[in-house]
Amino acid sequence: MADITAGTDHAPRQSLGEWVDRHSGRIMVLPAVVILLCFAIFPLIVSAYLSLSRFKLAPGGFILTFIGDFNFRRLLLGAQQYHLLGTFKPFGPLEWGLLAIAVAAILYGLYRYATTRFTVMGFIGRLISAAFAIGIVLLVLATYFAGGIPGTLPNTLFYVLAGVTLQFLLGLGLALLCAKPIRGRNFFRVLFFVPLMVTPVGIAYIFRMLADMQKGPFAPVAQFLGVGEWSWAVDPWWARAMVILGDTWQWTPFIFIVLLAGIENQPREQVEAAHLDGASAFQIFRDITWPAIAPIAATVVLIRLIEAFKIIDIPNVLTAGGPGLATESLTLHSFIAWRTQDLGGSASVGYILLFVSTITCVSFFNYIVQRTRRYQ
Amino acid sequence: MKFKHCLAGVAALLATSAMGPLAQAGEFDGVTVNIMTQTGAIQEPLQRRAPEFEKLTGAKINVIAVPFSDLYQKVLTDWASGTNSVDAAVFAPQWMVDYIAGGFLEDLTDRVAKEPKIKQDDVGAFFRDFSEKYDGKIYVLTFDGDFHMMYYRKDVLDAAGLKPPTTWDEYLAVAKAVNGKDMDGDGQPDFGSCIAKKRNAQSYWFVTDVVGSMTQSQGTSQGTFFNTKDMTPLVDNEAFRKALDFLKESSKYGPPNELNMDVSDTRPLFTSGHCALNLDWGDVGTLSVAPDSKVKGKWGAAVMPGSKQVLNWDTGKLEDCTKDNCPYAIDGVNHAPFAAFGGWGGGINAHAQDKVKDAAFAFFAYMTEPEQSNIDVTIGATGFNPYRTSQLQYSDMWSKAGMTEDEAKNYLGAINDSMSSPNMILDLRIPQNQKYQQVVLDEAISRFLSGEIDEEATVKAVVDGWNDLNDQIGKEDQLKIYKATIGAK
Amino acid sequence: MSARDERPLGRRLFEPRTIHSQAIIPQIATYVVLLLWSVIVIAPLYWVAITSLKLPGHVANGPFYLPFVDFMPSLDAWDFMLLQNNTLGPYINSVVVALSSTILATLIGSLAAYALVRIQFHVKIAAVACFLLLLVALIVAVYTFGVLWEIALAVAIVLFFLFLGTIGRRFKRGLGNGDIEFWIISNRIMPPIVAVLPIYIMFQQIRLLDTQVALIATYTAVNLPIVVWLTRDFFAGIPIDLEESAEIDGASRMRVFFTIALPLTRSGLVATFLLVLILAWNEYLLALFLSSANAQTMPVLVSAQNTTRGPQWWYMSVLIVIMIAPVVAITAVLQKHIARGLLVGAVKG
């Protein structure tokens, strides 16, 4: 990375101060680049190597044996497929129908892109995203829909999709309400921000306390409703819902606070003019507020997407991944593998997570975030 | 220099004569020992005794606690990577084999021989011969006697006219009969059976309890996990399937969220009077007489239930007990008490500085001395259970702990029955046993109990998983080590 | 507001008179929803606060809600955690690690962001490819052939500079500022679980495992992309004439950065600082891997309260409360900056 040419000319002799000044551009960027090389690029390569090998303890330390793509084959096609991807069931008519619709929609999108504004790089990028999307659709249909058992990858996708959607809707709703002419807006703003400050491990334990139907605060409610004998922890969907609940409690504030700032910044004159013209609240939102905050909304969702893929603390503490595999996320999967010395397996799961989240986030950035900005 | 040394020695001698026990005062001035263990129980006694020990010897004991689930790997990575921040650890002897494979654990054989205050003869034979040792050498000092027992509510069973179950079938029958009765007087129905079945916790040990009583009948060295002929998993057979049935059936008489309960949930449940039957380690006994217990005087303990049928290893079928296939049967029932986990013990990092090693050993010796240990094992909060023969007699220490003579006799009797059984099951101690149990077995059981997979798929998952691991790690080596740990020929 | 509303009741209830006010029913509805959400936010925190005052018996024997009313609060847990347990060590670790790494990340990140906004860079693709190839070769050499890493690193650096001259003349295609920015930001996508093992090995090689330094360096790296992402737009928003006039007066770029650019973007920097501080303060997974005895941080201590005997809720609650308190205080003081700062950062990202 040393070959960074800042727009300066070389002078034959220079004092140290001049030298620093001349190269100030490089000097300013260098620390960041070096740190990221050490902590991002280097680990990525070592991790790739780990994922292709087997770790074994030996006197005085450990040995790494190169085993090729064994770990990946095991996870994607072999003995561990049920764990990462899930157990598949054959498609019924519903699944075939849904698949057809999804594939048709994706192909139509590609077609439109190819006929309107075609660039080679853009098309390749879209081809990758489309292939990836079809793969995900297949996976989700074969596990969640056809009666199969989802593995850690579909679980993570569910957390990301359901969690971020819920958090966005709640955050947006609260921000819209808070932007109304009300008293105590600053109070609400600070209060609603607080959950973000609690350490995720702490949140996980707090929700475990709250969700205890025997000794938790809701025990009397559960008794009253006659569900004291019932447990959320044994039902896969309720267990997943609890995880989402904790995640939502923590992250809604983040979306809320950013969107609120965006709404407060929208063009007031336009809103007032529309109001005088008799536009309904919904129309004002659709025509003025939404276009104004769309870029912020897209960015904030992107930030959330990136973080949501890394979920581990809450499922780990609430259910330790149970019942069965129902709440295990990819990071938790990788973590459990690490805990039992399977460093190769742990690294391969991590790599698959990196692959999935990168394609998702980059696609989101290119197709949604960039577009909302273009229209501004 | 020499003179100074001499002076210090004299001073120390004087101090010792005044202070009494073990190590010399000031012997370890300025030495800090980092000891890693799990949080809560186990941490408590170490932390409580650390200042006492510092006063005696000058060594500062720094107890670092991590959650149980991270302990194995934390210690391992610290030692394997050469970081060596951890000078000693209190852990499960089951993990010893992995630590020894890397040469991380100090051989303590000579030190133990030179330290009469440990009173090694008094330590239960099972712990002395199996838990503390590997390949004939002592690597760990036992602080805790760990095996599974059954706990029951005397009052509830009496009221229903039932006897404490001695077989798994009886266990289910009793659980069924009393399930739904009010056992703590609050008018709410309570549960017939409480077993910790949470994933990534302790549930897999309870499977072995049940399987073992059917697969192992010829004594500890017969083994219960693998066929000692060729390392075939003892899983694809009627015994394992019956154990799965048992677990599933017992869930019907348990709390609704039993699948999300580890022992930390079931223990308070039993001591607060919500369960008629419970399987657990010795801790439940001391917790049941703790100040906040609601079952004082109402509980009993017994050796783990057994089976009237045992497995024919060759055919994979269950056969009725006879003199030949169940030599240790009591009233026709084959019991196989399970030394699950094997009892917390202290081991020392072989790469620590000599002075630190000495201090660590002195501290561990101090902990295990009867003077300290006999008190600690009577306190529920320590997590330590009796492991010395002298602790099994009813004495002042038990009455001080709040146990009536009846309770203590019953509790200690159950411990004695288990500890002295020649058919005790030794926990799996082959390299990477974590993967066999905590990953493959635990995950399969959890998926089975939650209904994700059926019985056949569960059997297949465990067989395939264990065979896969055998092949990866080396079947012949694993077989050799497996036979060595259980003392099979 | 002062003039009497003459409209019929129905309309008065549902329709606002002006955009700056709300009709009664929507207003009530707004407050109800906001208060409801306040309860949702506060209830778990309240439960933590009162649990920290409970004894184990209070927790085990069913829910108790009000101190002094249905249970007698006790300071036992506070006493144990603050006076007997070694809580101070991890707390100091957390403070030192979070503050140092946040300051470093903000400083290094904003420097880089400023440079990327103001100076055109041109990085040759060939140089990057050459660098990556050498890095792979280095790692393979160390792990497969057992070459000492110090030697391999030295050889790799020498080779890199040797190749650089030749390549520089042959291939001209390069990456611009946008590409560098995207690369920096994309590092945030990487899940920590992928990187943590190699980072562990790295620190072990240089004997820094289980030290505050290791955590500070790692957190700085992990949060750097966020800083660059958010701050670049603050700098882009500064009118360039100010800086230019300063430069004409002979100020160096560094000086311009510290005396003009930084003060002008105060709000945004404060918001960024706070967000990164919160992330660093609460981070758990990396701390779990990289610390054992000496550098343990608070989140690790919190999770360590889960024992085979069950989570010790009372201790855990004390820890959570003392972890939240300072952050809430800081946020309340700085709250105006946060909203403004995050907005600018997020608009253009």
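To keep things simple, chains are lettered A, B and C as they appear, and every chain counts its residues starting from 1.
Just so we're on the same page, a contact is a pair of C-beta atoms (placed from the backbone, for glycine too) under 8 Å apart; a residue touches a chain by one contact, two chains touch by 3 or more.
Quantities reported herein were computed from a predicted structural model and do not represent experimental measurements.
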item	value
Farthest-lying chain, centroid of Cα atoms versus that of chain C	B
Contact-richer chain pair (by C-beta pairs counted) among A-C and B-C	A-C
Cα-centroid distance, chain B relative to chain C, in whole angstrom	42
Whole-Å separation of chain centres (CA-atom averages), chain A against chain C	16
Overlap residues in chain B, where contacts from two or more other chains coincide	70, 81-82
For chain C, residues contacting two or more additional chains	60-61, 201, 303, 305-306, 311
Junction residues of chain A - those touching two or more other chains	214, 338
Touching residues (chain side chain C, partner chain B) in the complex	56-57, 60-61, 85-86, 200-201, 204, 209-210, 288-289, 292-294, 296, 300, 303-312
Contact footprint of chain C on chain B as seen in their complex	34, 36, 38-43, 47, 62, 64-68, 70, 74, 77-78, 81-83, 85-86, 202, 262-265, 267-268, 272, 283, 292, 381, 383
Residues of chain A defined as touching chain C within the complex	1-7, 17, 20-21, 24-25, 27-29, 31-33, 35-36, 38-47, 49-50, 64, 66, 173-174, 177-178, 180-182, 186, 188-203, 205-210, 214-220, 249, 253, 257-258, 260-262, 264-265, 271-272, 275, 295-296, 299-300, 302-303, 306, 309-310, 312-313, 317, 330-331, 334-335, 338, 343, 346-347, 349-351, 353-354, 357-358, 361-362, 369, 373
Residue ranges of chain A touching chain B (in the complex, touch as defined)	54, 56-62, 79, 83, 87, 149, 213-214, 228-234, 236, 319-326, 336-342
In the complex with chain A, residue positions of chain B that touch it	69-70, 72-73, 76, 80-82, 98, 101-103, 188, 198-201, 255-260, 431-432, 434-435, 438-439, 443, 446-447, 449-453, 464-465, 468, 472-473
